[in-house]
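Each remark here refers to the structure printed beneath this line.
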Amino acid sequence: DFLNALEEVHPAFGVSEEELQQVVQNGIIHFDAVVDEILRSGKLLVEQVRTSTRTPLVSVLLHGPPGTGKTALGASIAQASEFPFIKLISPDSMVGYSESQKVAAITKVFADSYKSPLSVIVVDNIERLIDWTPMGARFSNAVLQALLVLFGRRPPKGRRLLIIATSSQRPILSDIGFSETFDSELYVPPISSLRALEYVLREVELFRSNDERRDIIKELQYAGFKGQDGVPSNLQVGIKRDIIKEPQDAGLEGQDDMPLKLQIGIKKLLSMIEMARQEPENVGQRLMGLLMGLGM
Amino acid sequence: DFLNALEEVHPAFGVSEEELQQVVQNGIIHFDAVVDEILRSGKLLVEQVRTSTRTPLVSVLLHGPPGTGKTALGASIAQASEFPFIKLISPDSMVGYSESQKVAAITKVFADSYKSPLSVIVVDNIERLIDWTPMGARFSNAVLQALLVLFGRRPPKGRRLLIIATSSQRPILSDIGFSETFDSELYVPPISSLRALEYVLREVELFRSNDERRDIIKELQYAGFKGQDGVPSNLQVGIKRDIIKEPQDAGLEGQDDMPLKLQIGIKKLLSMIEMARQEPENVGQRLMGLLMGLGM
Amino acid sequence: DFLNALEEVHPAFGVSEEELQQVVQNGIIHFDAVVDEILRSGKLLVEQVRTSTRTPLVSVLLHGPPGTGKTALGASIAQASEFPFIKLISPDSMVGYSESQKVAAITKVFADSYKSPLSVIVVDNIERLIDWTPMGARFSNAVLQALLVLFGRRPPKGRRLLIIATSSQRPILSDIGFSETFDSELYVPPISSLRALEYVLREVELFRSNDERRDIIKELQYAGFKGQDGVPSNLQVGIKRDIIKEPQDAGLEGQDDMPLKLQIGIKKLLSMIEMARQEPENVGQRLMGLLMGLGM
Amino acid sequence: DFLNALEEVHPAFGVSEEELQQVVQNGIIHFDAVVDEILRSGKLLVEQVRTSTRTPLVSVLLHGPPGTGKTALGASIAQASEFPFIKLISPDSMVGYSESQKVAAITKVFADSYKSPLSVIVVDNIERLIDWTPMGARFSNAVLQALLVLFGRRPPKGRRLLIIATSSQRPILSDIGFSETFDSELYVPPISSLRALEYVLREVELFRSNDERRDIIKELQYAGFKGQDGVPSNLQVGIKRDIIKEPQDAGLEGQDDMPLKLQIGIKKLLSMIEMARQEPENVGQRLMGLLMGLGM
Amino acid sequence: DFLNALEEVHPAFGVSEEELQQVVQNGIIHFDAVVDEILRSGKLLVEQVRTSTRTPLVSVLLHGPPGTGKTALGASIAQASEFPFIKLISPDSMVGYSESQKVAAITKVFADSYKSPLSVIVVDNIERLIDWTPMGARFSNAVLQALLVLFGRRPPKGRRLLIIATSSQRPILSDIGFSETFDSELYVPPISSLRALEYVLREVELFRSNDERRDIIKELQYAGFKGQDGVPSNLQVGIKRDIIKEPQDAGLEGQDDMPLKLQIGIKKLLSMIEMARQEPENVGQRLMGLLMGLGM
Amino acid sequence: DFLNALEEVHPAFGVSEEELQQVVQNGIIHFDAVVDEILRSGKLLVEQVRTSTRTPLVSVLLHGPPGTGKTALGASIAQASEFPFIKLISPDSMVGYSESQKVAAITKVFADSYKSPLSVIVVDNIERLIDWTPMGARFSNAVLQALLVLFGRRPPKGRRLLIIATSSQRPILSDIGFSETFDSELYVPPISSLRALEYVLREVELFRSNDERRDIIKELQYAGFKGQDGVPSNLQVGIKRDIIKEPQDAGLEGQDDMPLKLQIGIKKLLSMIEMARQEPENVGQRLMGLLMGLGM
């Protein structure tokens, strides 16, 4: 079973095992059906690369607000492929690189992948790879151009490649020329239902008892904020942005009129949970304060 | 016969056979009369270079939305010329080149071509060669200027050269100084008729039976979207943009008022077909979903 | 007791003792409850890093108008942690560095910190580290990008890191891409109550007698300006800007309608006090003049 | 006779014979009185340099839409001067040069010219020499500044120099600082009369019989488009743009209201003629199609 | 007495005597009370540095229209301090320096000052040090950032430093990030009263007799222009721009509605006086003409 | 007599005799009183430098439309000074120099001048020295900043320097920071009276007889255009632009409403005269045509 395989992948030639595990340090919590859908879609793309001779190159973009788990999900899909070549291209390992050093490093990973019959490359955090800053809309055009070409360049005969890219700046990607680049796009949403929130709280065992946990959820409900429990899962492979409107891609802060809508990335949530844990006598109130500070 | 010749070209001195075949990996599917017209126009230009002493330099631009087959068609025309010198200038082989390295590489191909009595150069994807990005309208002026001069520079006495350029950013080309540069321009349209779509589906044998295929086409028709089957072929060598309005050159997304107009590049279509193939039990519905996600 | 510990920290391996003491030269005067709250919040974060295995990286931003004591408070919290690795990254030691030298110096401190099980890095004055100038919105994108990655990069297994950053240009930080970067943000306010002002005057012994000091406070009150004594302390760890409006973050000068509102950073206040001291016969009037020149 | 001399110039010391002939490959067709006027004006300027001691430096700009024959006419005038030093400065020989290499190459030609008592330099295609692109109005200021100084710098005592510059971007030249630079300006117009068109068709012997040619002209007339046969020649040495309005300097495409006005450069016309020649059975209709595609 | 000390300062270790005298070549004319106030304020700051241990760094900005004597006054204050280290940082000695050479030179002076227990540095003409030009708001951000840090960096333990900066572009300084940088600001006004003008004329002995001088002053009065004799001196240490509006900081030319208001820098006035001296028979009329040409 | 001295200056140590004569090749024609006034003003400034100890540095700007004789007049004044050091800084000798080479060359001339007790430097064509182009307002800030400092830097003790700068872009000079830089400004006007025109024609002996010349002047008058004979000379040393409006500084072309106003620089006029001379049988009509082409 693919989903279970995530936990038991074996080392392989050309696989940067450690790097990948590092980014999934806190595991994958299945707090919502959408999490499974993303993993299943990823599996389908992996299979397409493994089997279809007509599409030796397949690319997918995981996008969503900051901290929603894009990197962890991308790395998980890659690891589960068990392809002989699995590599992570991440800004973390390129601090202080010049433009041309970055281009060289990125290009090398792609060149290496061409030596393996089946490869998957996770290109993490595109906006950071291209040194994007909103002020003055600055970025490295050299890195951008390299990515644009590499994402479209077919591997040599007999080689197959899956590219998994991540970004929390999808609108920017279109503006700089990435439209039509990816075969498929997957939206990674923030947590927006109380049910999902409770699921996470249970998994991380923040509270000593189930009652404590349920009380805090009730209190949140009472405080007037509704999650979007009734919303059906909106994820399908290849369905583009025009069909399904993303909830405020540009951050988690646009909830002025419905002030108590829950919108929080799993990464931030886990961080808040640890902060709350610091005051054991007062965990619940502390968590509520932190969540409401975020506009929940 | 020229069109048949595409399949049986022989290797020749100075011809980069492999590179050219790489870009026509999936062959040319004759899904519409326009495909044949483009190839015939290409053949006429090849003949002009071969025979006319007064025009030792002839240039043509293949332009159209992303993924409509410009590169494959350009390479096909070049291969079919059977000229002793046939080269592809492509961004794929220049990842990470500096501006001056690009200019040097491009200039060298032109210089080499001057040694052959008859040459054809395919200059693929101009916008990528010049590192174009819409954000801030950035591009490499050095590469641009080199192209502008090389596209207009006559070969030395006794040498003849055909330049086949491709671009999916034709409006940009005008803006940066390419108007009046080409002797001829050929528009490569996306697939926009159900008939052409069905033709492709048959060729790639997506469905197990003709009935299945026809059913899906009917379903699409029923779903309310009309292709443009009645539109006459609009392609003539040298007819300029002012006469024949291109359908939304800037992408495949401007169909808001007629939401179900078919507009899809052959490259994207082939990619979707392979995705649909992954779920054999459900090929038809999968394909429909993918096509409609694209605004079909 | 943590607050007392500030005075009696012991030297430790990897701690830049001298640099840190240099920036707290004039000590911490506890003129308001907010000062203690900031120090307590800092202590909580220190403890989280020391104890929680799930959050090996915690970051906090101290922000507020120029001269409010951000650097001194950040350094105090760092010193009090008694972590084996405590370093100050400050523009003071990078005058004339090139962009890449700065990036290298900053990156090195982070790399060094990864060798210690527990580390704290004070990244002082972000806007100056990135060479920010409002004219033309210029800054070093190279340094910015390095900071953005380093602030989000997890230390290697078994290492834990607290990052304390300071800035008096918080709105700019959002504009250049720092939103969602910090786990927590602490606002360092200027002195805005007469009570706090009097507290400082007493501590630094500007006046020879208590009566003199009280007279000058009364005179200020009489001159019509009210401090904000009644305002409750507004500082909580992790409460974000949306909840609590900062009083005019962009400087100390926007008090046109309420011309006599007290708003002065502790650093500037201490400087004025020393100026006033120069005219011993006239200390009180001199100080009043200086304070009112500041819009008090 | 000067005009005849064009065909029979003799080689001379310092003359780049071959380069010059290369750009007049298709000869000069005297399709209109204006062609002779330009050549005569050129001859007058040549004589002024040869004889007048007070103007050791004379400069003239040949300007007009793309492909109207500026380079060929400039080279012809230069060749006919029979000066001991005749050189062509052309972007064709500077592909890939850096800014400073261009400046050095250009400066060297001028320095060389100062060694000859009488010199003529053709500075071809100024906008390309300065790497002009309309997008972002980019250009090489270094090359521009060198040209501005060289065009105004007097040769040393006893040396005389004629500068013939060409450009199809005259409005740009003013914008970048070239106004007041040239002693004289000559406008090179496109072909805009049926009479001139017929003259060219006869000269190049496109049709097998005079009747065929006349038929096609009649057909064009019948198709509703009028040339400007009645317009008197508008060319005089030194008459500036304010007096005689150029017909849409910025290209050949602005004829929306009078859709069938003939406006075509001789270079493009010769190219179309060769295209039409490719379909011998259908030459006339092919030519008409091509001409009308151009807005004729 | 401090003011008299200006004339009799003794050489000292680390003092660039000659440079300082060079900029006060024409001495200080005490044409107005404001001149003495500036010198007295300067003396107070010198004393603060000498005596207060809590403020080892004190900075002051002398600002005002071009030619009002900022450099001369700053140098005079520095010389009168008799500190063992007195240095002038001036653009005059950095012509043609690269950005990094400037930063190095400036940084070195500060580093040298840290070796002396008491130092004063005159940083002359900030806008020129940073290569400021209003066109395109260009300047050297590298030099700017170095100044911003150096002006705020405390000297090492036991060292004290007074920084005297000058600028005629104070509004620009705010725009580029200099607000809140200086402990104190002193406005150096142009001459704007007939009384002050007459004082200068007497000091420089332009006229042979007192009567001649008085006549010319009367004539100026008669010509309708009024100086601002009644305006009280507006200079106080530390009083900021919000309180006292400077008369048109951006130059001496904005006097359209009150065409005969006197506004002239002492430097320009001395220059005019020397011009007038060239025509001994007509000194008075010449001076009037020059003054009125300046909008007086 | 100073004016006569122009013709008989003697060589001197440090004087670049040849360069200076080169720029006055066609002599000075005294076509208007303003010419003598400029020379006389120049002489006064020369005398001021020679005699006044209080102004060891005097600078003057000669400005006016292109071709009005600024360079020739500046060089003449310099030559007539008979100072031991006379140098011309001209863009003509710096073609292709890098920014830093230009700065070095300019700085060296100033440094050399400081070795002579009396020096004059002609800084010709400031806009070209700083690589000014109106498109995008580009220029070399490095050269600009060097000039700004050098123009204000006093020579060492005992040295005196006169700076004569020329420019046809005075409004630009203000925009880039040159206001308040010059001690004096002299406007060099174009020829705008028929009387002055006739004077020049007589001096250069264009016509064989006086009658011919007078006839052509009458014809011009008859053609409806009036010169400005009645306008009094408007030149005074030091009178600034606010008083006397220059006639359209930005070129000679803004005369739309009064189409026949004479406005022509002496340089252009001399060039036209030589052109007209080429057709001896038709000199008068040729000259009229050329003059009217210029908007006369």
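Read from first to last, the chains carry the letters A, B, C, D, E and F; within each, the first residue is number 1.
Assume a residue touches a chain if its C-beta (ideal position, glycine included) is under 8 Å from a C-beta of that chain, and two chains touch if they have at least 3 such contacts.
Note that the structure is predicted; figures quoted are calculated from it, not measured.
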- Message: Give me the step distance from chain A to chain E, shortest route via touching chains only.
- Response: 2
- Message: Show me the overlap between the contact partners of chain C and those of chain F.
- Response: E
- Note on the structure: If chain centres are mean C-alpha positions, then the most distant from chain B is chain E
- Query: If you take the mean of the Cα atoms for each chain, which one ends up farthest from chain D?
  - Reply: C
- Note on the structure: chain A turns onto chain C (C-alpha superposition, degrees, nearest 5) by 60
- Query: Copies chain A, chain B: same or different interface, half of numbers shared as the threshold?
  - Reply: different
- Message: What's the distance between the Cα centroids of chain B and chain F, rounded to whole Å?
- Response: 59
- Query: So how far apart, in whole Å, are chain C and chain E when each is placed at the average of its C-alpha atoms?
  - Reply: 34
- Message: Roughly how far is chain A from chain F, centre to centre by C-alpha average, rounded to an integer in Å?
- Response: 69
- Message: Going by the contact rule already set, what residues in chain C reach two or more other chains?
- Response: none
- Query: Mapping chain-to-chain touches, which pattern fits: line, ring, star, complete or other?
  - Reply: ring
- Cyclic chain order when read starting with chain A and heading to chain B: A, B, D, F, E, C
- Message: Under the definition above, what is the set of chain B residues touching chain A in their complex?
- Response: 22, 25-26, 66-67, 91-92, 94-96, 98, 128, 131-136, 138, 204, 251-253, 268, 270-275, 277-279, 289-290, 292-295
- Item | Complex contact set, residues of chain C against chain A | 44, 47-48, 51-52, 54-55, 58, 100, 103-104, 107, 137, 139, 141-142, 144-146, 148-150, 153-154, 157, 172, 175-177, 179-180, 183-184, 236-240, 242-243
